[in-house]
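Next, two complexes with chain A in common: one pairs it with chain B, the other with chain C.
Let's look at the complex of A and B:
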C-alpha cells in the first residue's frame, strides 16, 4: 500500500521522471559495457534536457550576431563593397558562411537541434501527461490522521454503508472514485475505504499547454519556411508590381523564391494625412488614409481599397501594411545644352528633427557636360527661426526646399550600386556656397551656365510592408490555447480525499483525510472542512444525500 | 520482444491506449515513448534537411560563369517569353511578338540603376556587332521617368528602342518564367519566342557574345 506521506516521487507530478538518466561510464544495469544504444540514449537525453535547450538558444542568439553586423546576401551590393574594402578578410568570412548567416549550414544545425531538443522534451511529457489524466486515485493510506487535513466522526451505520454514503457525497462533488474491491491485494479491505480525487482538468490544461507549445513551434517553422517580408516605397500616382525587382527590400523564407510572390499590382491613387492642429499634441498625426487600387493578376479587374495604420489590405494571401509616409518634392533639371534631363518626384526621408523635415538627394547622371547632384531638405511648414529654416507643422502649409548643388562624377557608372538617398560627393565639387531656398515654382540657375533646377511641387509617398506568414494564424491560436492551458493548470488544484470506516464498539468510526497540491490560495482547508461536515451529516442521516452541484 | 506499440498495432487497439497510464508505468512503455519521440524528431529533421537542400539540379540549364548568373537554356528547356504590348519611349506601339522569327536581346534597365550604366557600353557594342547577324535589341525601361530615360539613351548612344515599364508589370510577367531578381537583367529570345539565355546581373561583352554565339550559331 502506498504511503502518501513518503512517496518515492512526487505523487502529483506526472511529468517527474522516477529514475535518474543513465550516464556514460557508470555500469549499466545489465552489467555489460556501455553500448552504442546506451550512448545514443544518453545523447538523446542530453539533447532533450533543459540545459542543452538553453545552451542552443544562446548559440542561436550568438549566431545571429554576425548576421546583423556583416552585410548579408540579400544585399549583394553591400557584400560587394565589403569584399572590396576587406580583400584579405572577406573570403574567409565567406567560407564560414558569414555573409549568408541565416542560410549557413552551421546556423541550420543550431536551429534544427534546438527544434529537436524542444520536440524531444515536449512530446514524451505530453504522453506522460495524457497517461496521468487517465489514472485512478491511489489506494487510501492506512493512517488518515497523518494527512495534512483529517477528520473523524462516529456513525451508527455499518462500515460498508458508511463508506458508500461517503462515496455518494464525493461523487456528487465531481470526485473520481476508487473503492476497495475484491481485486485488491487485501480482500479483507473490501468496503472499508474509498479514495477520491478531483482536479484532473489541471492535467488537461497542462496537456493543452504542451500541445499548444508544439503547435507554436510548427507555426513558426511554417512562417520561416513559407513566409516572406518585403518593403516598397510608393509615390502617389504611381503603380508597382509585386515582383522581386520592384521591391526595395525582399526577405524570403527558406522555401520561398521570387516566383512565389503574388502577382498583384498596387497603385497609390491618393494619400491623406491629418494632424492635430492645436493643443499640446499639435503636430501629432490624427489619421492616415491611403486610397489604392489593385489588381490580383496582371490585367485583372482593378479593385479599390483603403490602407491605414494597422488596417492592412489582404491581397492574394499577402498582407500589405502602411508603415510610413513622407513627401516627394518634384524637380525638373535642365542641363547646359538646354535639354530636360530630370523630371520626377523624388522621395525625401523624414529626419530626426520632427514635423516631417525631410532630407533627400537628386542625382542627374545624364546631364551634360558634367553629372549634377543636389542634396536637399524639404520643409513642409517653413518658419525662419534665427536664420535657420525649421518645420513647425508636418502638413505642407508653407513648403520650401533648400538645395546645395554639386557637379562632377556621381560615381554611378562603375556599376557598384549606391543608395538613392545618399550623394557621394567625393568626385564632385560644390556649385553653391550656401543652401538655396526655393518655393514651389521657383528655379535655381546653376553657376557657369550649367543649367537650372526647378522645384515644381510635391506629392506624398507611402512606405508599404508586404508580408506573408502562413504560420501567423496557427501561432495565434496555439498561443491562446497555451495561455488557456497554463491558466487551467495554475487555477485548478489536484486534491485527494480518502475515507476509511472501521467497526467499533457501539458503531462505526469514519476517518476522513485530505491533501492538495499547490494549495497556494489556501482554499483547500475550507473545502475539506465543509466536505467533512457534509460527510458527517450524511452519515448521521443514514441515507444517501442529494448530490449538490459545485 | 515486441514493443507495446507494435502489440497495439497488431491487435488494433488504439495507439493512445497502448501509451496510456498502464503502458507508461512500465519502463518498456517509457522507452516506447522516447523511441516515438526520437522517430518523430528524426522525421522532422529529415523533412527539414530535404527541404533545405532540395531544389538544386534543374536540367537543361548551363551556367556560363562561376556566379551562376549567365545561363543558357538547352532547346526543349527554353521558357516561352510572355507577350507584352507597350509604348516605346519615342511613343510608338510595340509588341514583343513583332520580333518573332528573329533573335532578340531583351534588356531590363533603368537610368537610376548603377549596374545598368556600367553595362550600357558593352550592350551598345554587342548591338552594333550583331546587327548584321539579324539580332535585334529591345530595352525595357524600369521604374523610370521619361526625361531621365531619354537622357540616358542620348548619353550612351543607345540606338535600339526601349519600351516604358514604370510599374514593372512586364518584369512581373517575366519573373513567372525566369528568376528575374532585379535590374538589370538581359534575356536572349530565340526566333520561336523562347528564352534561350539570360544574364541575371550587369552583363559583360563576353557573356553576351557567348550566349549569342550559341543561339545564332555565329561567332562574336
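Let's look at the complex of A and C:
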C-alpha cells in the first residue's frame, strides 16, 4: 500500500483502535479476478497516493519552466520574433503548446490531476477528522517511561485522587480527557490513569490549506470566465468610451460579451513625467501623474482624478491602470492641391535604445494625387553623436523628428487589417534619400510639389489597462485562508499526555508520559516539562484540601 | 527626498566592517574544529537517547512492538520522527550563556565575533535605509545585503538555541562568501527607485521575500552539511571510507541535522507564501492582474512548489532523508536562479535588478 499520506492513522498510538481493514481493492493488479472496477479503484488509489502527488508537484514545477524561458502568447510580437529566428524549432515548440504553456492542455492535465489527487486525499481526511473529534483519546499505555517524554513523582494522595487532580490540571489546559472506566477491559484499572489529547486544529489547518488552494484555482477560473482585460492608448486632450470598438485590445473572458463593458468615458487632461536629472541614475523616471476626468455613465456628472503607477482608478466595477506612456508628435500634411489632409498627434512607440527614442508612422490616405506615408523617429533630447541622432534624456528638452517620406499606395484598401505603427512600403516609392530632421515648427517640402509636412509640436500619451476580474476577491480570501491553514498546521502540535498512578509502600507513584505526533516548530519538550512540573505541584497542593481525617 | 550620500558611505563602512568581523568569526568557528574542546562524549550520549527514541518510533509503540518492524514501509510509517529524539545538541538544559562558556574559548570568541558582525551588518542595512528614505531592498545588491543579514540573525538564534556550535563555520562561511561576492560584483550606490517600485507594497512584499530567502539560505547550508554527512555515513557503511572522521564526529547527528533543516523550512515556507500573496496584491495594484505568469512570478511559483514538495517528501516513504534534501536544495537553486538570472537577463515586469 503506497498511501502513506494518511498520517492520521496514528502510528505510535498504542491504544488506537485497530486500523480500518485493508481497503477493498487493495489487491494488486497482478492478482487474479481484477475487473474494471478494481482497476478504477487501483488507479484512484495510485492517484491519491502521496508518491503520485509528489510526482505531479514536480511536473508542475518542471512544466512551468518553459513558460518563463520562451516567449508566451501574451507577447505575440516576441513569439513572432522567435519564429523568425528559429524557423526549424519554433513550429515543433508550438505543437507542444510551449508558447502558451499556462493555457496548454498538458499543463492543465498536470494541475487538474494534482487537484484530483488533493481532493481524493483531503475529503477522506476531513471525514476522519470529524470522526476523531468525536472519539476519545486512546487508553494510557502501560509503560509510560517508554514514551518519548516521561516524568515520575511521588505523592501521598491515593492513586485515584492523584489521577483526578492531574485530570483537573490537564482539563484546565484544554486537553480532552479519557479516564479509566468500568467499561475498560481490565476493571481493576479504574481510576488509575487518565489520557489527554490536544491540538486537533493542526489537522484542521492542514485541511484548510489544501481546500483553500482548491479555492484559488476556482477563483482563477471565475476570472477567466467572467472577467475581461482591455488596453487603450490615450493621447493627452482626447477622450475615449469604454466600448469594444474604442479599445485597442479587448480580451474578454469566455462568458463575457462586449455588452458587459462599463459605458464609462475617460479624458486625459494632462500627463506629467519627471526624471532624475543628474547623477548615476540620470534619466530614470521618478514620478508619473495622469490627470483624468471621467463619467461613469454617458451624460453623467464628470469627475476628475489622478492616475499613477501603483494607484489605479476604480470606475464602475472596472479598474483603470496607467501602464505606459510616450510621445505623440503632431504633424500637419498638405498635399499637392494645398489642402490640409492630415493634422493630428500621432503616437510613437519607444524603441529599445532607451530615453524614449520612439518610432512611428504617419499615413495620409487622402493625399492627392498619390497617397503619402512617412516613417519617423521622435528624439526627445537629441544629440548628434557621430552623425546619428541619439536621445540622451527622456524628457523633451530638445525634441526633433527624423522622417523618411514615401508616396504610392498605402495598401489600406485590400481588406487586410494594418497596424497603425507599421508602414507597408511594398506599393510605395521613397521620396527622400536620407532621413530629414525637423525641429518643432519646421516643415519638409516634398519633392515634385507633392506637398509639405510640418512638425508642429508634441503631446504625451498614456496607455491604460482596463480590467475587471470577479475572481479577485475570492482569490484573495482563499490565499489568506491558505496561509492561515498553513500557520495552524505548522504551529499547533497534536500531542497526548498520559498519567498513571499506582500505590506504593508509603504513598503513590505517579508516572506522566507524553508524545507529540508532529512538532514542526519544536517546543513540546519544554511544554511537557512545565506540564509535568505543574502536575507535581498540583498533587502536592491537592493534599491540603483533603486532610487525613483519622 | 534626495539621497543622503554621506549616510550611504557610513552604511558601506559598516558593511565592510561586518564582512571583516564575519570572516574572523569563521576563523574562530574553524579553530573550534581544530583545537576546540572535544564534545564527543556528550554527543554520544545524545546519540544514545536518539537511537532509543528512534527505535520507539520505528516499532510504532510499546504495545505494538511485535508488529511493525517486519514491514519497514508499512502504511503506519510515522511522519518523520520530529519529536522523539533529544531536540537539541547536548547542553540544552543549561542556560545559553553558560552553555557558550562551557563550549570552550573558541566558541565563545566565535559567538562574540558573530554577534558583533551581525550588529554591524544590521547597522549597515538600517543606515542604507535612512540614506535612501525607503526600505533598503530596492535592487539586487541591497536585496542580497539584507537577506544575508536575515540569514545571519536567524542562524545566530538557531546556533544559540540549539547549541549548534559546529554549524557556525558553514553558515557564517556562506554568509561571508555571498556578501563578499555581492560587494565585489553587484555593488550599487544608494539611489532612488523607479515609480513602479514606489509603493508601500515594496515594504511588505520584498521584506517577506527577503526574510524567506534569508531563512531558506540557512536551510540550504544545513542541507549541504546533511548531504555531506549522509554521504560519509554511507561510504563508511560500504567500507569505502574509514570511520571516525574528526569533522563529522563533531557535527550534529544526521537526524538532528534533518530536523533542524525541516524546522528552518517550516519557518520559511509560510513567510514565502505570504510574500507571494503580497506580491500578487501588489501586482494587482500596479499592473491590473494578480497573477500573470511573468517570469519572476513563474519562478517564485516553482520555488514554492519545490519547497512544498520537500514538506510532502518528508511524509512519503522512500523520499525521506537524502532525496528530500535534494528537493529543498533544488528549491533554493530555483530561488537563486530567479534572483540572479531571471531578474537580470529575462525581460519581464520585474526587471528592477539595477545591475549595470
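To be clear about the criterion, the second predicted complex is superposed on the first by the 389 of 550 C-alpha atoms of A that agree within 3 Å, B and C clash if a C-alpha of one lies under 4 Å from a C-alpha of the other, contacts with A are read in each partner's own complex, and residues count from 1 in each chain.
Note that in this section contacts are C-beta pairs under 8 Å (C-beta built on N, C-alpha and C of every residue); 3 or more make two chains touch, one makes a residue touch a chain.
All figures in this text were calculated on a predicted structure; none of them were measured in a lab.
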| item | value |
| --- | --- |
| Residues of chain A touched, compared between chain B and chain C (which is higher) | C |
| Which superposed partner A:51 touches (first chain B, second chain C, both, neither) | second |
| Chain B versus chain C as contact partner of A:469, first or second or both or neither | second |
| First (chain B), second (chain C), both or neither touched by A:128 | first |
| Chain B versus chain C as contact partner of A:305, first or second or both or neither | neither |
| Chain B versus chain C as contact partner of A:224, first or second or both or neither | neither |
| First, second, both or neither for A:172, with chain B first and chain C second | neither |
| Chain B versus chain C as contact partner of A:240, first or second or both or neither | first |
| Those residues of chain A which chain B touches in one complex and chain C touches in the other | 19 |
| Chain B to chain A touching residues, read off their complex | 16, 19-21, 23-25, 27, 30, 33-34, 36-38, 40-41, 44-45, 48-49, 51-52, 108, 111-115, 117-119, 142-143, 145-148, 151-152, 154-155, 166-169, 171-173, 175-176, 179-183, 185, 202 |
| Complex contacts: residues of chain A adjacent to chain B | 19, 41, 44, 48, 108, 112, 115-116, 119-120, 123-124, 127-128, 130-132, 134-135, 221, 225, 238-246, 254-255, 257-259, 261, 263, 265, 267, 298, 332, 335, 339-344, 363-368, 412-418, 420 |
| Residue ranges of chain A touching chain C (in the complex, touch as defined) | 1-7, 9, 11-15, 19, 50-51, 53-54, 57-58, 60-61, 64-65, 67-69, 72, 74, 101-102, 141-143, 146-148, 220, 229, 276, 279-281, 284-288, 308-312, 319, 321, 323, 465-467, 469, 472, 475-476, 479-480, 482-483, 486-487, 490, 493, 515-522, 524-525 |
| Residues on chain C engaged by chain A in the complex (per definition of touch) | 53, 56-57, 60-64, 73-79, 82-85, 87, 189, 191-192, 194-196, 198-199, 201, 262-263, 266-267, 269-270, 273-274, 277, 280-282, 284-293, 295, 298-299, 301-302, 305-306, 308-309, 312-313, 315-319, 334, 342, 346 |
